[in-house]
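Both of the next two complexes hold chain A, though its partner changes from chain B to chain C.
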Partner chain A sequence: MDVYVILLHQGLSVTKNNNSKALIEARDLCVDIKDATILKNLNFKVAAGEIYALLGGNGAGKSTTLKTFLGFNKPVSGNAVIDGQEVTSALDSVRSKTAYLPESATLYPHLTARENVSYFLSLADIKKTDAEIDTAFEKVALQANARERQLQTYSKGMRQKTAIALALLREAPIFFLDEPTSGLDPVAIDEFNQLVSDLAANGATILMVTHDVYGACQVADRIGLLRDGELVGEYEAPEGGRIDTEQVHIAFAQRQTA
Partner chain B sequence: MMYSIAQIKREWQFMLSQRYVLALLLCGLLVSVFSVVTGISEVNQQRATIERLKAADEIDRAEAQEKYDDPGSLAYYTFHLTYASPSNLAFAALGERDIYPWKHRVRMLALEGQIYESDAQNPELAQIGKIDFVFVISALSPLIIILLFHDLVASERNNGRYDFIVSTAKSSFALWGARSAVRFISLYVCFMLPFVVGAVISDTAFIDVLLVSFMCFAYFIFWTLLSLWFGRHSSSAPKIASSLIGIWVLFAFVLPILGDIAINKHIESPDGGDILLVQREAVNDAWDLSIDTTMASFLAEHPEYDYYEELQSGGFNWWWYYAFQQVGDQTAGSLSVQYRHASVAKYESAKYVSWLSPPLLLQRSMTRIADTDAKAAFEYENQIREFHKALRMFYYPELFSSDTFDKNKLESMPQFK
Partner chain C sequence: MSVGMTTNAVFSVAKDEWRYWVRSKIAVSVLIIGLLLTISSVIVTLANMHELSHQRSSMQNNAEETFVDQPDRHPHRMVHYGHYAFRVPSPLSILDPGVDAYTGNSIFLEGHRQNSAMFADQKQGTGLTSLGSLSPAFVVQVLAPLLLILIAYSSMSREKESQTLSFILSQGTSIYALILGKGLALLSVVGLILVPLAIAGMYAVTQGESGIVVVGFLLAYFFYLLVWALIVLLFSSLFSKNSESFTALAFVWILLCIAMPRIASTTAATVSPSSGKLETDFAVLAELRTLGDGHNANDPAFAKLKASLLEKYNVDKVEDLPVNFRGMVASASEEELTHVLNRFAEQSMQDELAQTQISRYFGWLSPMVAIRSLSMISAGSSIETHHRFLREAEELRYSFVQSLNKVHVEQLSYIDDINRSKGEEAWKKARVSADNWQMIQDFTFETDAAETRLNRSIPSFLQLALWLGILAFGIRLAGRQSL
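Moving on, here comes the complex of A and B:
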């Protein structure tokens, strides 16, 4: 069997990076939104350099989990911990270590890609030269002639590339990706997955939430299956291999209909 | 410090890229320029009118003094210009100068009728309505502040940028603090720059400029914080805007109007027209009364002229004529006192309403500093009364004298200052 299937309710815990330091950790995380319990005792860890995909259907609690790590939701109990610091008590410090890529990267449409990147870098108090910004644009394959165009003329893929370039320039050790390939064409998805893999290879820790089983299996080291705010399974890629898409797909489908 | 400057600089550049923000700032600048220009023009016009009337007044007086030799005719045909010059800050707050008269040409006839002849309406709660600088600041600037600040946060939420931008910003100040500060300072400068230029042109006292600037600053802070507070508690920009505009209508119009109605209902006041009527009827009726009847009333105020019978001639007597003019004032006196007391009471009561309405409070405070409020008008009225009293004190001894009038005495005739 290529993949370790860990059903948490069975009490099993076998992960590839067990011994690595966890940079992202959910500890018995419970979050309510408008009196509705969204996350129920959520537990998972993401080790340094690991790509972890939280997979789930609509309303499973994926985005709530991400927003809790970004400090927008306050846990009722439990903790969201980043690099050993609780998000609620060290928000500014935690945010300086993270780069967030939303589902639809809505940067400022009246600014060019370069102006957007410069603006957001300044907002994060990060100084980069034009050459460094160009290097980031090259890494995300954003064409030189497009960089000085306003974003209102961009496709979604190009806007996403701009946001990724920004994330790269921030040199954050931790990335949060929210449905990052949603709405991208297949070529753009492949390019994006390659970028994410490169980031992880360079030491970045990545937590992505998605409902795209295939995409998650392509890029993730581990997948956590989320249903009704609970982690109902974890899948880990074998050394040098990928997570078995079919197996995750079946589990995902079963969980959705359960 | 360097960090804060860098954040401000970035937001300044960002603001320059937002056309609607620039359009709102330009709008603020234009209405402020318009109000200052019209204010200066109005003040210049009032000053020119005073100068023109002063020149004409001197010519008229000189002509009368040359033509007539007796004090009765001199007092009758000589007009005296009284006026309240606009202060050097009046351009910014014209205040009540279009409700209360700021110039009167008075004679030594009954005074009350002369004062209230042009009484258009009773002193009322200061209401917004003139396009002067204080109107622009108190009534119009809140609208631009609301438009600039109500969706500072909501627009980012509505455009799906909120989480991204907040999680990217190093601190809350870097984003909302710097952005608010840049918009606030820009708007404040747009509104205040024309005022400062107007103040320099008008030679306004530095302390007055400082006071007005501080009051406007506090007023802008109030509306900005209110807009930001509402903005933080709702994600719907239209909902925030409509709530804030509702508050603006309440503060700028509803409360002052309700306050005005309540004050007018609570404080009874005769009309200025009634005073005029009572005084004129008293004067007209006096022609049919005996001299003794009139003089009995007159002597109650001036017992020193009880020897009037020695001066009686068979024909017309100026001293009798001016005596019944004064009796006319005495008859209308109680109404006039009621009117003035009521006006002062209304003015004082309006103070309490202004504590509930920031636009009214600003308007009231600025017109006080500019000396253009109802209180200034009351002071001008009192100056006229004092001057008229001095005129009577000058002429009465001459009227109640059988000696020939020495025209050299005219040099010591009271002058309105």
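Moving on, here comes the complex of A and C:
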């Protein structure tokens, strides 16, 4: 079952426009970490099937935003909402719908790709056959001869492919990506961006946080510019085109020095 | 998460933990070495205690046979010829020899004296053996916690250090399912450690040990190792770096297994000081000197006895008494000095017991102290059992000495007795038949009753239960903190 079909099964819209149902939504989100206010009335929406990139420098609040949607941070006010449910009050339900790719895809180095995927699926009580797992590996272009190797021999790109294969198998309609292309070589970045585009094309909703202006413009439908925990600008790709990298780059640089 | 889902997740985590141990060669090596050590200590101690038990039973029989095989003699010579009492180890001593190695296991019984127990294995060793033998109790009490630490110190901390924890949690897996799974894997290690003990326990049952005591003994060790499994999980959950978790656990092990038992015994000796052996011996001697000399019938201390006997039998001199006055003096003297000796012995035992009790209170602070006490009590190798051996041996001593004194009183005339040094014939006349030596009682030292041992071990069980409760609560808090 591909992602598109899964989304339909769950009754979720896959239309890429801002008027469709928002699957990810920050509503006046305020988060404090150790008495410091990190997010200040953050507001944005990510529609079903959309790729939204939160762009910002170090300390802008990108990872905090992601961790709040993952349920690791509790908002002091406002809400992090996923598919209409507040994260803090429906954590189990929310987590069953989301897939998270940390900056460094943290799977187990002592396990093979297949064992990693099987293990994480068993934790979620999801049963998949070897054939279904192979199909997922094929979708993320993880070579057959690498699947039975322990991950300690993997490159970061291969680990991310494994993590995405896991997400596909979990049939999660919503993806959270944390600095996904950080540390990847240009070829791996292209491969990864293509993979993310394919996921979105198949209906997945993706929120990624990054400080890579070029990468964000390459893949995102919309970009939110984050500074000191506040959204200071949003950019949208034109119909059938990409966001203007230069425009975002200048805005990013200006906001950073403002 | 549903219960079924959580259960599946717990088993998956436990299975993966084993896979991690097997693939990380250090963990599996430590596990194999630990198990081999446990098994070898069980086999060696079992063989050793079996041999000791056989040897002591045999020596007890030999001592009794040698006594009754003595020829016709003067009864008081037999009082000084003496006898032996051997403490046969309890069946569960194969797992915990307890105080056996330190207190001595045989006593030479003779008239007018209470000798100390002799032939303590550790006393016969050099300082190099002061750590004690590698008994199963020592291995499980001291080394098994270290084994659990080495295997699992990183069970939770590595999930944090490598950031797999947040990844796992983001998949919807509960932190408690993860901790429970790791705990289940550690529990299986605990089970493996207990297998050799359980087999030895079953052997002890075939040797006459109570089944319920063996079950209690194994349950106590299960609780103890469970306490350590929880300590390892707690510290591994508290720290986000493997090195920090290992350092903290190593410190806790040193504190609870090495330092605390010594602090306990030092505190006990300070809070409840007892007189040294030399000091006690001098005090006993001083008091005994105030009593009459039982070998001297003319000692003024026995004038009252003499007067009462003369009056009772209505005669003018001791030679006319129908009983041997020297035997009467020996009997009265033995009774008096035994009273004194018992008073000092009882005081000494009470002092030891008071110190032991203080030391046992430290079980609230160290699970190792709790299991050490519980293990010795259950195995019948505690100080209480040793004291009972001393009391029973003393009863035997007093009984056989007074029986000989009775023979002295009734079967040997006073005249023959006082003339015994006047030539060969007189010396022969001052002897009684060897048939009298049959009065020696068989001495068989039995282990304390199961009920007695179980009752005595309740406080230590409560100490371990408290540890379990506190640690379970601590893990719950640590789990919440990890969210």
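The definition used in the following text is that the second predicted complex is superposed on the first by the 242 of 258 C-alpha atoms of A that agree within 3 Å, B and C clash if a C-alpha of one lies under 4 Å from a C-alpha of the other, contacts with A are read in each partner's own complex, and residues count from 1 in each chain.
We take it that contacts are C-beta pairs under 8 Å (C-beta built on N, C-alpha and C of every residue); 3 or more make two chains touch, one makes a residue touch a chain.
This is a predicted model, so every value here is computed, not measured.
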Simultaneous placement of chain C and chain B on chain A, clash or fit: clash
Partner chain in contact with A:Q194 - chain B first, chain C second, else both or neither: neither
First (chain B), second (chain C), both or neither touched by A:Y119: both
Touching partner for A:P102 - first (chain B), second (chain C), both, neither: both
Partner chain(s) touched by A:H110 [first = chain B, second = chain C, both, neither]: both
Partner chain(s) touched by A:D92 [first = chain B, second = chain C, both, neither]: both
Partner chain(s) touched by A:Q143 [first = chain B, second = chain C, both, neither]: neither
Chain A positions touched by chain B in one structure and by chain C in the second: 67, 70-72, 92, 95-96, 98, 100, 102, 104, 106-108, 110-111, 115, 119-120, 122-125, 170
Residues of chain A that touch chain B when the two form their complex: 67, 70-72, 92, 95-96, 98-100, 102, 104-108, 110-111, 115, 119-120, 122-125, 163, 166, 170
Footprint of chain C on chain A - complex, ascending: 67, 70-72, 92, 95-96, 98, 100, 102, 104, 106-111, 115, 119-120, 122-125, 170, 176
Chain A partner contacts - residues on chain B that touch it in the complex: 3, 6-7, 10, 14, 17-19, 159-161, 163-171, 174-175
Residues of chain C that touch chain A when the two form their complex: 1, 4-5, 8-9, 12-13, 16, 19-20, 23-24, 162-164, 166-173, 177, 483
